[in-house]
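Consider the two complexes below, in which chain A is the common component and chain B and chain C are the respective partners.
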Partner chain A sequence: MSEGPKVELLRLLPGGHLLLERSWGQLAASGGLGLLFLVLPAFVGFGHPLINVGLYVAVFAILSLGLNVVVGWTGLLELGYVSFLATGAVLTFNLLLWEGAGGAHPFASSSLGFLAIILLSGLLCAALGLLRGIPTLKLTGDYYAIVTLGLAEIVYLIFLNSEFTGGAFGMKLSSDSRPTLLGSRIYYDSWAFYYLVVLALGATVVVMDRLDRSRIGRAWAAIRLDEVAARACGIDVARYKMLAFGISGFFGGVGGALYAVWIGTVAVKALDVWQSILILCAVVLGGMGSLRGVLLGSLVLFPLRELLREELFGVRVPPEASNLVYGLLLIFVMRFRPQGLLPRSAGPVHPLDANEQEAVRRGRPRLFVLTEPAPSSSTETPGAGGGPRPGVAHSAETDGPSPDATDVHPGHEGRAATGEGPAEGTEEPRPGIAQDRFSPEEGSGPSSPREAGSAEDA
Partner chain B sequence: MNDDLEARAKISDRLSAPRELRTAGPPLLEVRGLCRYFGGVRAAHDISLTVRRGQITSLIGPNGAGKTTCFNAITGIFPPTRGEVVFHHPERGPVPIAGLRPDRICQLGVARTFQNIRLFPDLPVVENVKVGFHCRTRSGLWGTVLRLPGMLREEAEAHEAALRYLDFVGLLASAHDLATNLSYGDQRRLEIARALATHPELLLLDEPAAGMNPSETEQLMELIRRICDLGGTVLLIEHDMKLVMNVSDRIYVMDHGELIAEGDPAAVKSNPKVVEAYLGVQER
Partner chain C sequence: MSEFFDWSVLFNALTLGAVYALIAVGYTMVYGIIQLINFAHGEVFMIGTFAGLLLFAQLSVPLSLAILLAMLVCLMLGVVIDFTAYLPLRRKHPLADTISIAGLTGFCGLAIAYFLLARAEQSQAAASGLRIALGVLLAAIPLALFALAICGLYGKLGRPKASVTSDRLSALITAIGMSLSLQTIAQLVWGADFYVFPPFAKESLAHTVFESDVLTLGSATLKGKEFVIWVVTAALMVGLNGLVHRTKIGKAMRACAQDQKTAALMGVNVDYVIAVTFMIGSALAAIAGILFAIKVGGNIYFRMGYYPGVIAFAAAVLGGIGSIRGAVVGGLIIGATQAVAQVKWAEYDFAFAFGLMILVILFRPWGIFGKPGAARA
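== the complex of A and B ==
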């Protein structure tokens, strides 16, 4: 099979086993994208406008991925994401401009200070995300969208009229409040900052990918697809929505901090609702809920925005009109490819692979674990301790004569009674079934050696 | 067609043959004076029933009798207007569950399926079952982000166990298809697999045979029996009289939001009130 060389190749890489479940296409695409970001400076040099576009794409890709948690995975239409961006940016500039004791600018004078800013900004926005979750937790659909839009507008107006944000004038960094990274101040041509942003994007993608393919990602998908069924399956919907709000806010704050340093000035006026819409556009354009889609959407939309600022074929699109272009783009996507450019793949439709078939053959499902008498409790039952193998089938025999006995283990007694009832009736094979359904850790019968082997493999 | 005829013949054979009822265990779920009103509509009024461990208990009644309302009130989809619901947890003893959130009730060990199938259509079949494992696994944010060994082991176990549940209900071959692409009967069985994956003490099935042909119904009957044989307890809402009479150990009959009869299948079948309300036209 085609699995052979890939497995061999990936085992050579440090940590390559983490990539085993990926297809060649996925590996090529993510490797290509990473390489593009990494080697771009080698061709154009730091400080080139293309590097600037690269930074723009990377920062806004982080924001798009953060927004995708709520919009694409949890299924809530979020229209106020810019609040996190603005909060992160404002906090960053305030910390950078803070003179500390004796004008030393503690946050601006060391790499550690800058990294602390990014983290603090993320944490503050995560907290704000949770706080905002309190009034919006029970809302869905349009109502959620309207409330987030309104709250974002409130944040915008407060920021626009506050001292600490520089109000309508915005904030600028002085030369000694510029952040430091690896020993030098960050200016537009800082290589360290460029690679920091690329690294942050890479880390975001990895975190998102892990969330996507986990118990948490499944819980979000369940909430998105059918909230009632999700509840009935034991998912604490409020908790997982809150988790989504917090994570989404965290990456909004991180993106905001990087945005502020990248752009060099914080003008609250520029952080209005259109920024929310723009980020949302990238998510919708690429494909809601699809990581590669959101990355592609960012890769298309944000360079396009930069392109529209330039003079093309002797025509300059007025800045106000550039929104028309995104609008048209979105209309076309919605008309011809409503699921986005690269929609979330539902996974390949394929038959079971050999491993899976082996796994199924290894044992029956463990049903009704709660009633399953644990090995310890079954030794407590009189008579079972001396038996060759404590278990349900056995305790059914011993407890049989007194099925109605009131014991401290009502569940246990019930199981015994039910096990016994039909056994004296028509069907003989019941004890066999009862043995089969033992879980691996109870190590029953012939299946136990294989079970033990598999446990070691895992 | 031939299949159907055979299945029908089989069913009528079973119906005519005397059937031994399962021995009643201690009560697992006790519903006392449950009421649920929607404005002036008494969807369920003063419902009292007991589900005993190890048995298949059925709740039947004409359309609109309030059966699903009872299910919803028991499983917390909405709280009952009045009345109490006590679930006898094997470790914690009796737990009043009326008014608890559905996810808490599910964690305690009461799982359900829905009358109008509620799967996660865009997820693969096996992922649907893994959602059911949610409340029996506990890896959190850090485990997920850092891919800690515990989380990886838990994921592998969940995947394996999900496949076994699919095998149990006979859907293993379509494990990687999308749930929405399954046939109607298969979707119902997938819903049962998902409910089983939550490790329930008590399984509530809301019209599992609706829309099934006789041979699918026969398979379903077999499945419900197997669940019970493996130690499960089932509360069933069903319209298919053959199925109900064939698998149930105890039957409660509702009409116009009230209980009108209860007893074992034979007693219910011959109860004049039931015949009047529900079996109006008796087939045999």
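== the complex of A and C ==
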């Protein structure tokens, strides 16, 4: 089978082989979204309110993606995510305001300092996430939700009554404690900061996508679907749950650091539990566990909040109305479309891609297989490209079985017949089997990505 | 230890405990039957308080009648919340679904319009009449929804089609959404201001009952308003216990808590039982809210229900979810924790209550009166 134009195009890109499994629609959507963020300033100029909204959306999209790891993939309702945001923001401000030796503001005076802050904030929150995971590891469902809520309230009360957070008044950056990026201080119209945030969002999306398609993502899905069965299949549930808490916390911290610099003043009072609900709302609206859904949810919800601050069609809607919209959205989405606006295209787990199949065949499964498969194997599996694929993906995109699943199927049947070694068979359903197992659920329509609950009910 | 003990701490502990117990009963009964943390319960508490305040302060209704009317309002509110938010997640009922959605959306739209008019009113007098009309509509929609809910429960809207298997995560998210919506509606209608319960007129009966000193121990004085909370709570709990254990509807409730499907097969109208549970819990939340507002004297605002609500849920878990005795004991323990914490770390009192809640969930999720196997999470 000859390689299609898409495959040839993608091979030109650095890292393009990671995109081989994507349909044209997915590529176009992600490319378009990236382009929108990149060229937006060219039309309005930096410092425009629209750029401000873009920054807000990007920062909160990072947070939503981080929350999605726990809520969407591990299947635990997390209500205390805002404590990571607050911790990251408070740490950032404290480091920026720290005068160091002789009032030099070491963290605020160089680009490296700012990047270090972001990393430190992420690492601190990852550590906190792990720490919080120790007591909450065994909890599920309502009790997990209410414990995270309680812990977030305790953190909130401590922050509200502490000196190092500025207490109820909050903290403000002075002119010489503003972070520096590429030689100039960051203000609201800094182009460097804008592109940094966009870059961070892009990196987050890539990392999340790789996680979703990796062995880790499949382990999370297994835990979400049925924890007992996952354990029986040899998945170290505790380890993977902890990993989810840590990763989720890391992105919470990164988002918190970016949020702090974006907003310029940190008022801990504003970072109450209802902020977590807002982030949760974006995840729920887009579709829990669906990356494109979460991105769409962020794109729809967060601008709304900013837009309602402005006058709209000559009517000044009260800012409180946005909360009403969020509340109603939570109710309506749960009733009419519990899988979200843009649910996952694939089933609960992504089937093995060509790289991973190759690795499994060689008996060397890896967490991330980033190398390009040998040409022989890519021609062997039609999943890696080919002429008919865009058409298949297009027809399947609206509803029904995933393009990935359909594509992998024929390639795999041959291999299953030859009887390959059960290297990963315990942990990951082989694509051929996955196709058979999940297709009835896919066909049954909208409820497919949400079996987590029904499994819990049993 | 003596710095923590004072008779006033004990009085405070009992008062807080009694209020939490009254709210916790609503959580524990609902959770016992449908395994749902009804997050909106705290908002029922808030709306009940507002209803009592408006009736008493603005319409000068006698206090006892105001409390009864507020209980009635909340009773209806409880049913409406169940009808619009939770019932559609349990049963498929196309007509009722449509009506509830339309009602909810209409209500929210009107609330926003009401808010806009309130702003316009400052500039032009003509808006005032329209605002009253809107206010009437605002009140009429829940009334109509309540009537429809009752009709639906008795099968007048046609029998529900089938039960929907909705997972508990959806239900919990719906509850959070309902809570946020009700909070925001209250914020739109009443603003973000703090309201104060007006002092009672001298020589009035309420003044004698609430403001007199009942007991003086050491430097602490037990006020009438605290004593009233204890007495009312005790009486209501005894009554509720009787209702659950002696009457037919109580038997139906216990049956539903044990096994809904079998109860339905035995001829119990499960949805009706759930609605009654919501009614009882909400009415008790209203009375708790008003008595607490009288005791505190103010602090009535749109988010007042959030902390007491979550803390009361903690009390319900502590006592053993589904158990009324447990709600009372749990409420008293949490109230005592908070009252002791208030002595030295007043700004952290809720943190202690939350901490206790977390410890209970981690180490004894079935609570004091529950059985280990019965803990469902």
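Methods note: the second predicted complex is superposed on the first by the 339 of 458 C-alpha atoms of A that agree within 3 Å, B and C clash if a C-alpha of one lies under 4 Å from a C-alpha of the other, contacts with A are read in each partner's own complex, and residues count from 1 in each chain.
Heads up, the rule we're going with is that a residue touches a chain if its C-beta (ideal position, glycine included) is under 8 Å from a C-beta of that chain, and two chains touch if they have at least 3 such contacts.
Remember, predicted model here, so these are calculated numbers, not experimental data.
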item	value
Partner chain in contact with A:102 - chain B first, chain C second, else both or neither	neither
First (chain B), second (chain C), both or neither touched by A:151	second
Partner chain(s) touched by A:319 [first = chain B, second = chain C, both, neither]	neither
In the superposition, chain B vs chain C on chain A residues touched	B
Which of chain B and chain C A:25 touches, first, second, both or neither	neither
A:135 touches, of chain B and chain C: first, second, both or neither?	second
First (chain B), second (chain C), both or neither touched by A:183	neither
Parts of chain B lying in touch with chain A, wherever the complex brings them together	20, 22-26, 28, 53-55, 75-77, 88-91, 93, 101-103, 106-107, 109, 111-112, 114, 118-124, 127, 130-137, 139-141, 144-145, 147, 151-161, 163-165, 167-168, 172-173, 175-178, 194-196, 198-201, 227-232
Partner chain C, residues of chain A touching it in the complex	75, 77, 79, 135-136, 139-147, 149-151, 153-154, 157-158, 160-161, 274, 277, 280, 284, 315-318, 320-321, 323-324, 326-332, 334-335, 338, 450, 452-454, 456-457
Of chain C, residues touching chain A in the complex	35, 37, 84-85, 88-89, 97, 101, 104-105, 108, 111-112, 115-116, 119, 165-174, 176-185, 187-188, 192, 310, 313-314, 317, 347-348, 350-351, 354-355, 357-358, 361-362, 365, 377
Residues of chain A that touch chain B when the two form their complex	18, 207, 210-211, 214-216, 218-219, 221-222, 225-226, 228-237, 243, 247, 346-352, 356, 359-360, 362-372, 392, 403-404, 409-415, 417-422, 425-427, 430, 433-434, 437, 458
